[in-house]
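What follows is a pair of complexes built around subunit A, which joins subunit B in one and subunit C in the other.
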Partner chain A sequence: MTAVDVRTAPDTAGQPERHRRKIPGEVGIWMFIGGDMISFSFLFFLFLHYRANDTAGFTASQAHLDQNLGLLNTLLMLTSSWLVASGVRFAARQRGDLAARCFLGAVGCAAAFAVVKAVEWGGKVADGHTMSSDEFFMFYYCCAGIHMIHVVIGSGVLLSMAATVRRSKLAGNEQRNIESGATFWHLVDLLWIVLFALLYLVGQS
Partner chain B sequence: MAVLETTDEPSRLDPPVDDVKPINTRVVRLMAWSGVALVISLVVAQGLLMRFVPPPSPAMSAQEIADLYIDRKLAIRVGTLIECIGFTFYLTFSMSIVVFMRRMERGMPVLTYTSMANNGGGYVFFLLMPITWAALAFRPETLDPALMQIANDYVWFVFILSWPPFALFMVYVALAVLGDRNPTPVFPRWVGFFNLWTAVLIIPAGLVEFYTAGPFAYDGELSFWFVWFVFFGWIMVMSGVTLRACKAEEERQAAVAGRDGAAA
Partner chain C sequence: MTELLQTRTTAVWAALAGVTVLSWAMGSGMGISDVETAGVVILLISLVKVRFVLSDFMEVRTAPLWLGRATDAWLAALGIMMISRFLIG
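Our next item is the complex of A and B:
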């Protein structure tokens, strides 16, 4: 028995892949992503709210950040997302070997992201800017820390995806899980881009 | 038989669907409703009586904390009495979910066993809070304010820093739901993702250690309001999901009974 999506299979059999599935993954993962975006939006709103009360203080603290390191991390995140998207495409064509390499490459980007963050945080702490220095640095550490938890969880998901596609043939539900995992990784990437804009760029001319 | 979404063959160790042990849904329904009772007792006791929603600011001085307990001592005693009962329902509520997790698992029910141990320990943290508040409101006039400040901080730390076992239970629920291989899933699959989401969302609670003011302090927008809405909202949603599963189980039992009656 070949596993097919029971909800759409009967009337769409024989149609190309892109017509057969309306959304990547399954409804549940989009609910998760919607929920996570709501909570990060709340965090972003809090940041802008506190910033509005002390714009000068926030701008002064923000000047201590190295935008190049933030940009480097943005490029690492974008590269990882591109690798994950390519991996999903290879997996759909049953090229598990290439897909696994893409997913592992994305984990490599995530590891590099963490190293850059550690170097950045280490430098800030050495300069005396800790998470209790002021409100800007409170958000700087807490928001990026909450995002880093997502990076760690996402890396675990990518590793399990790499292990799954290594197996010769993907069952329908495995293909769906790969898409769900990839969708989560794109969220991790997207959240960082917003964080980069908020923490490093907002208010800088 | 309907086409399964999975290619997994049923294990021959698993009984056919009709042979699974019936669940006493009348008891489980009560247990699921006890989650709603927990939330109501929280609103009435901690919100209206004790006025601890939101918590007193961690930036308050020791004397202000002492005065607060002296002023509210009677309301705190009544409130903690109600809350001791209400918070005990965390065990009955969570076990109503675990009963259905047993249905989802095949072979050795690892997640079910782990959840039983986890929740048995977890609800002790719940009970510790009203007990500590009651002790503080017992003779607040004679207590050293500095001591009261430490004890007051401690209750909120018990409340908020004890998030990991509760988040892990959500992960166990998610693993059981997403691994459910029954032809008709016991809980819908979105419940699995919902539990993963809530597990991730209550992580920022850990930040209460670092701040006495702002969104991450124990009275803050994120570490208090957001985490509380997520956690107690989770209880309400899971009570609803479990009650729906009870209804499905009753229909299954009725169908099996009807078939047995026709065969006899």
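Our next item is the complex of A and C:
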């Protein structure tokens, strides 16, 4: 990657590091991420559009969601993203053991996220709130379901990253692959942040 | 453990977690009583959180400037679109 600028970025307290500006990971992963962001933006707009046409109905259905579980899952996502970002930094310093622990910790957060989602979905279905109940629950299951597919794929990527950093010292392309995988995982976190606000919080007060 | 905790990334994570709890409290009837105002504040907070995830976790902060401009443009468009659709019912 062509360096276009140089600046000081204090990554670690008291240990400033010289960085050349470069894209984290491969350019291709950013193209994929851009496409995913635009697709989800369309979903977010559709949700708000349908909500605007039936605010009372959406608010009533939304009240059946457990905001505490939404909060818990958001904290799990944020924590997983923090661990992945830290793992990438350790990997860049050839600290494979610490990097692997961070990535596996993130997978643990992802597994906990999935368990919370399963409990939540199970409870909703038991209460009779299914995808066909109304427009709110259609969006709820669709958006959270598509996001869950991202979580499953991302967890597989994180496991592969943990195996890579444990196995050997990283070559340049392996470091880029680690960064690409991490960037994908942060996308999963980023999308959930907006979903949490839209599905659980907005309109309830 | 010190290597993990004493970083800007950890400070950003702690701040994001704190702001998440604040958003949750506003969506749970604590704080702002007006639904529309609370909704706009919650959406704005989520967009600020997303920007920090992009800049610090996804390392856009140290990436070529065009990438930061592109993600900022997307974020601004998303914010305008979501907040306007939320307010104009």
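For the reader, a short list of remarks on this structure follows.
Operating definition for what follows: the second predicted complex is superposed on the first by the 185 of 205 C-alpha atoms of A that agree within 3 Å, B and C clash if a C-alpha of one lies under 4 Å from a C-alpha of the other, contacts with A are read in each partner's own complex, and residues count from 1 in each chain.
Going forward, a residue touches a chain if its C-beta (ideal position, glycine included) is under 8 Å from a C-beta of that chain, and two chains touch if they have at least 3 such contacts.
Quick caveat, the model's predicted, so the values are computed rather than measured.
In the superposition on chain A, A:T79 makes contact with subunit C only, not with subunit B. Using the contact criterion defined above for the overlaid structures, shared-chain residue A:L43 touches subunit B, although it does not reach subunit C. Of the two partner chains placed by the overlay, only subunit B lies in contact with A:M31; subunit C stays clear of it.
By the touch criterion defined above, A:A171 lies against subunit B but remains apart from subunit C after alignment on the C-alpha atoms of chain A.
Once the two complexes are overlaid on the shared chain, A:Y200 sits against subunit C while remaining clear of subunit B. When the two complexes are overlaid, the chain among subunit B and subunit C that reaches more residues of subunit A is C.
Of the two partner chains placed around the shared chain by superposition, subunit B is the only one that A:M131 touches, whereas subunit C remains out of contact.
Residue contacts after overlaying the shared chain place A:C142 against subunit B, while subunit C stays out of touching range.
Overlaid on A, the two complexes show subunit B and subunit C touching the same residues of subunit A, namely 4-5, 9. Against subunit C, the residues of subunit A that register as touching in their complex are 4-5, 7, 9-13, 19, 21-24, 30, 34, 37-38, 41, 44-45, 48-49, 51-52, 55, 67, 70-71, 74-75, 78-79, 81-82, 84-86, 89-90, 95, 98, 102, 179, 183, 186-187, 189-190, 193-194, 196-198, 200-205.
Contacts from subunit A toward subunit B in the complex involve residues 1, 3-6, 9, 26-29, 31-32, 35-36, 39, 42-43, 46, 50, 131-132, 135, 138, 142, 145-146, 149-150, 153, 171-173.
Every residue of subunit C that touches subunit A in the complex is listed here, in rising order: 3-4, 6-10, 12-13, 16-17, 20-21, 23-24, 26-29, 32-35, 38-39, 42-43, 45-47, 49-50, 53-54, 56-65, 67, 70, 74, 77-78, 81-82, 85-86, 88-89. On subunit B, the positions that touch subunit A within their shared complex are 2-7, 189-190, 192-194, 196-197, 200-201, 203-204, 207, 210-211, 214-216, 221-222, 226.
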